[in-house]
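Going in written order, the chains are labelled A, B and C, and every chain counts its residues from 1.
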C-alpha cells in the first residue's frame, strides 16, 4: 500500500544559494540527502577556445571574466604563464606590485566568500559588513587598474602603470576597515552557537579525498595539508615575503572558515611588507611590440584564492596566438567533491557545502 | 559546570546582538543626510558617484587645440580590440596631411572596457572617459559614432546624466 | 456594566473589531516598513529611501520629494513609505497565478486559513482591562454604552487563544501541499513538524503566568503579573519568558527558526508558488503572528498596559497620576519593542538546521519549561 521513493529535486540552476548557475540534482528522503549530482555548464563561454583565436595579449580580458571575484589572481597566472613561455624577466618593482594586488584580491575574494557563505547560513548582517570592507578594496583596484571587478591588471612583462597618487594611504585605510571588520565577523560568528552547530563537523572532506579529487586551496589546507603554491613554487615576489600558511586538521566547514579568516590576516601582512619594501625601478620589462612565439609549452600554477589556478599554453613557431590554451581552474575540481561532502547530510547542509567550497561558476564553466 | 553555564547563558549570542545594536544606534541617530555619516551607502542619483582618475568608461575621440580630431586612422585600436567593437573608415580632409576618420563607429554593447585600444594608440587620440551611466532604451543608441544624435564619440559625455543633485 | 440587547452587543463588538482591525492594519504594514529600516540601520545602510522609477513623472517627483524630506529630523526615517504603499498596491493588482496541477480549492483557501486564524486571535487579546471609552449618548441605539478593551473577554481566554493560533499551521501545510511543487512541500513538512513541536513548550511556558495568576482570563493574568506578583514569582516568570520568546520566534517562523521558508535552502518555502494577494495574505499572516507573539509576551510577562512589569506596579499607588493606571498605548509601545527585537535578532544570528531546531524544542525547551512549571507551582504554593 505504501511505498517509499526518493524525491528528486533540482537545486539550481536558478536558486538563491548555488552562487550562480550550479545545478545540483538531489535525491531526497525527507530531509536526508541520499544522492547528489552536480551539473555544470550553464555559463560556458568557451574561454579557452576564444583565447586560442586571439592574440596573446588579448586573452587577459577573458581571464578577468572567469573568476570574477578574483580577477587579479587570474590575470597574474595568465601573465606569468606567458612570460614563462616568452622568457621575459619582470622588473622587481612590478613583481612587488603584482604580489600586492594579488593579496588584495585574495582579501576581496575571501570577503565575498564569507559574506555569501554567512548569508547562506542565515547571518544577514555579516554579508553587508563584508561588502562594506570589500568596497574599500575595490576602490583600491579602481584607483590602480581603472576598473573594479574586471581589472585587466597585468601586462605581459609587468604592469601597465605605476602606483597612483595616494595609493599607500588608500590601502592602509582599507586595511584599517578590514581589521575592524574581521573582529566584527569573529564576534558575530566564531563563537556563535548557531554558527558552530551549522558548521562544525559539516561537509567533511579528508586530506586523502582532497588529494584524490585534486581539491586545492583553503579546503586542502583545512584538511591538514600545508600545500600552498606561494610557498611550494614561489612566483611573483612571494619568495621575499614572510608569511605563514594557516592549516587546520578538522577538515570541516568551521575549519575552512578559520583558515580563510587567518589567510585574510596573512594577506594584510604580506601587502604591508610589499608597501614597506617596495623597490624603485620600472614596472614594465622591455618587450617587442608584437609577440611572436617559438615552439614551446608551459604550465604555470599559481595560488588563486580558491585554489590552484594553472595556465597551460602551447605555442607554435611564429604564431601570434596560442596553439592550445588550457586553464586548470580550482572551482572545477573542487565542485566534484560535493557528493563526497554530502554523505549523511540534510538539505540545509547542501547549502553549507556549496558555500564552503566558494564556487564561482564563471571559472567552473569557463 | 562552567561549560554547562556557558550552554545555559548565551553570552556569545548577546555579544552579536550588542554589535548589531551598536551599529543600529549609531546609524539611527546620525542624521541621514548629515556630514558625519556612519552608513556606508551613497544616495546615488542625488549624490553623484565619484570615480577614480584612472576609471575606464566610454570610449571618446580626443580633439586637439584647434578642435580637430587627432586620430590619423592607423587602425591600431581596431587590431587591439579583443571584441571588435571599433570600426572606422579613413578619409581625407582639405589642408590636413594625415588621414582623418570619415566615420568612427564604436559599438557600446560589445565594449568590455579593457582599455587596450587606448594603450595601443600612439597618438593619444582616444581615451576612456569617466562616463559610467551607459544604459539606453534602444539598441541603436549603443552604436556611438561621429556626429551621433544621442551621444557623439568626439564629445565628452554628459557625466551624471541620471543624477539630480539637491543643493547641498 | 448595563444589560445590553443582542443587537447592542453585536454593534459594540463590530466597533471593537473595526478598531482592532484598524490597529492591525496600521501596525503590520509599519512593521514591514520598520523591518526594512531597522535591518538597514543594523547593516549600516539606510533602508528604503526611494521608490523605483524614472527621472520624470509621478515616481520621479516622489523621489525628489523624498530626497528633500531627508533634511528634516524624524521625518527622514519615513522617506521610503511610498514604496511600502506601492508594494501593497502591487500585491493587489498582480496577476494571481495558480499552478496548473494545484489542488484548486485547497490552494485558494490556504492563505485565508492562515490569515483568519491569525486575525481571530486578536479577539482574545485585552488591550485594556475594563472600558476603553463610552459611546456618546446622542448616538441612537448604542449611545451611552461602554466599549471594552477586549473583544471577547472570556474566562478561558488563553486556552481559546492557543487553540485558534494553532490552526494557523494548517494554512501553511495545506498551502504547501496544494501547490503540488517540491520546494513548498518540503517547507510545509518542516513547518508542520516545527510548529507542532514548538506548540508544546510554548503552551507549557505560558502556564507559568497562569499558575502565578491563578486564572486563564487574559486581563486577570495581565493584572496579576503586573501588580500582584510575589517577589519569588519573578524567577519562574523570567525563565518562562525566555522559553516563551524562543518558542514564539519558532511559531511565527522567524530567524533563527525560519525553517518553513528558509530562503537560501527552499527558495521561498511554502509560498513559493503563490503570487499576488494570496502571497500577500501569507505575508500579512506572518507579521500578524509576530505581533501576536509580541503582544502576548508583553501582556503575560511584561505587565501589558501597566507601566512596570514583574509585580513592581504595586509600589505605585493606583491613585498616582497617569502611571498608576493602565493605558493601551503603553501596551502598544511594549508590542513595538518586541517587534523590534524580532527584527534585531534577524539581523544578528544565523539560522538553525532543521534537525537542530527539533533538538532545541525537545531536548532543551520542554525540560526547561517543565522544571519551570514546577518552580512556579512551588512559588505559588508558598507565597
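As a convention for this text, contacts are C-beta pairs under 8 Å (C-beta built on N, C-alpha and C of every residue); 3 or more make two chains touch, one makes a residue touch a chain.
Quantities reported herein were computed from a predicted structural model and do not represent experimental measurements.
A simple rule picks the central chain: find each chain's mean C-alpha point, then take the one closest to the mean of all protein C-alpha atoms, which gives A.
Ranking every chain by how far its Cα centroid lies from the centroid of subunit A, the top place goes to C. Averaged C-alpha coordinates put the centre of subunit B at 47 Å from the centre of subunit C. Rounded to a whole number, the gap between the C-alpha centres of subunit A and subunit C is 45 angstrom. Work out the mean CA point of subunit A and of subunit B, and you get 25 Å between them.
Looking at subunit C, one finds that residues 42-45, 347-349 touch two or more other chains. Among the residues of subunit B, those in touch with two or more other chains are 13, 16, 19-20, 23, 40.
Of all residues in subunit A, those touching 2 or more other chains are 125, 128, 132, 188, 192, 194, listed in ascending order.
Across the interface of their complex, subunit A is touched by residues 39, 42-45, 182-183, 186, 189-190, 255-256, 258, 262-267, 346-356 of subunit C. Residues of subunit B that touch subunit A in their complex: 7, 10, 12-13, 15-16, 19-20, 23, 40, 51-56, 80, 82-83, 112-116, 119, 128. Listed in rising order, the residues of subunit B touching subunit C in the complex are 13, 16-17, 19-21, 23-24, 27-28, 31-33, 38-41, 43, 45-46, 162, 164, 166. Across the complex, subunit A meets subunit C through its residues 7, 9, 15-17, 28, 30-31, 118-125, 127-129, 132, 188-189, 192, 194-195, 197-198, 346-351. Interface residues of subunit C, counted against subunit B in their complex, comprise 38, 40-46, 49-50, 55, 63-64, 67-68, 70-71, 73, 76-77, 79, 344-345, 347-349.
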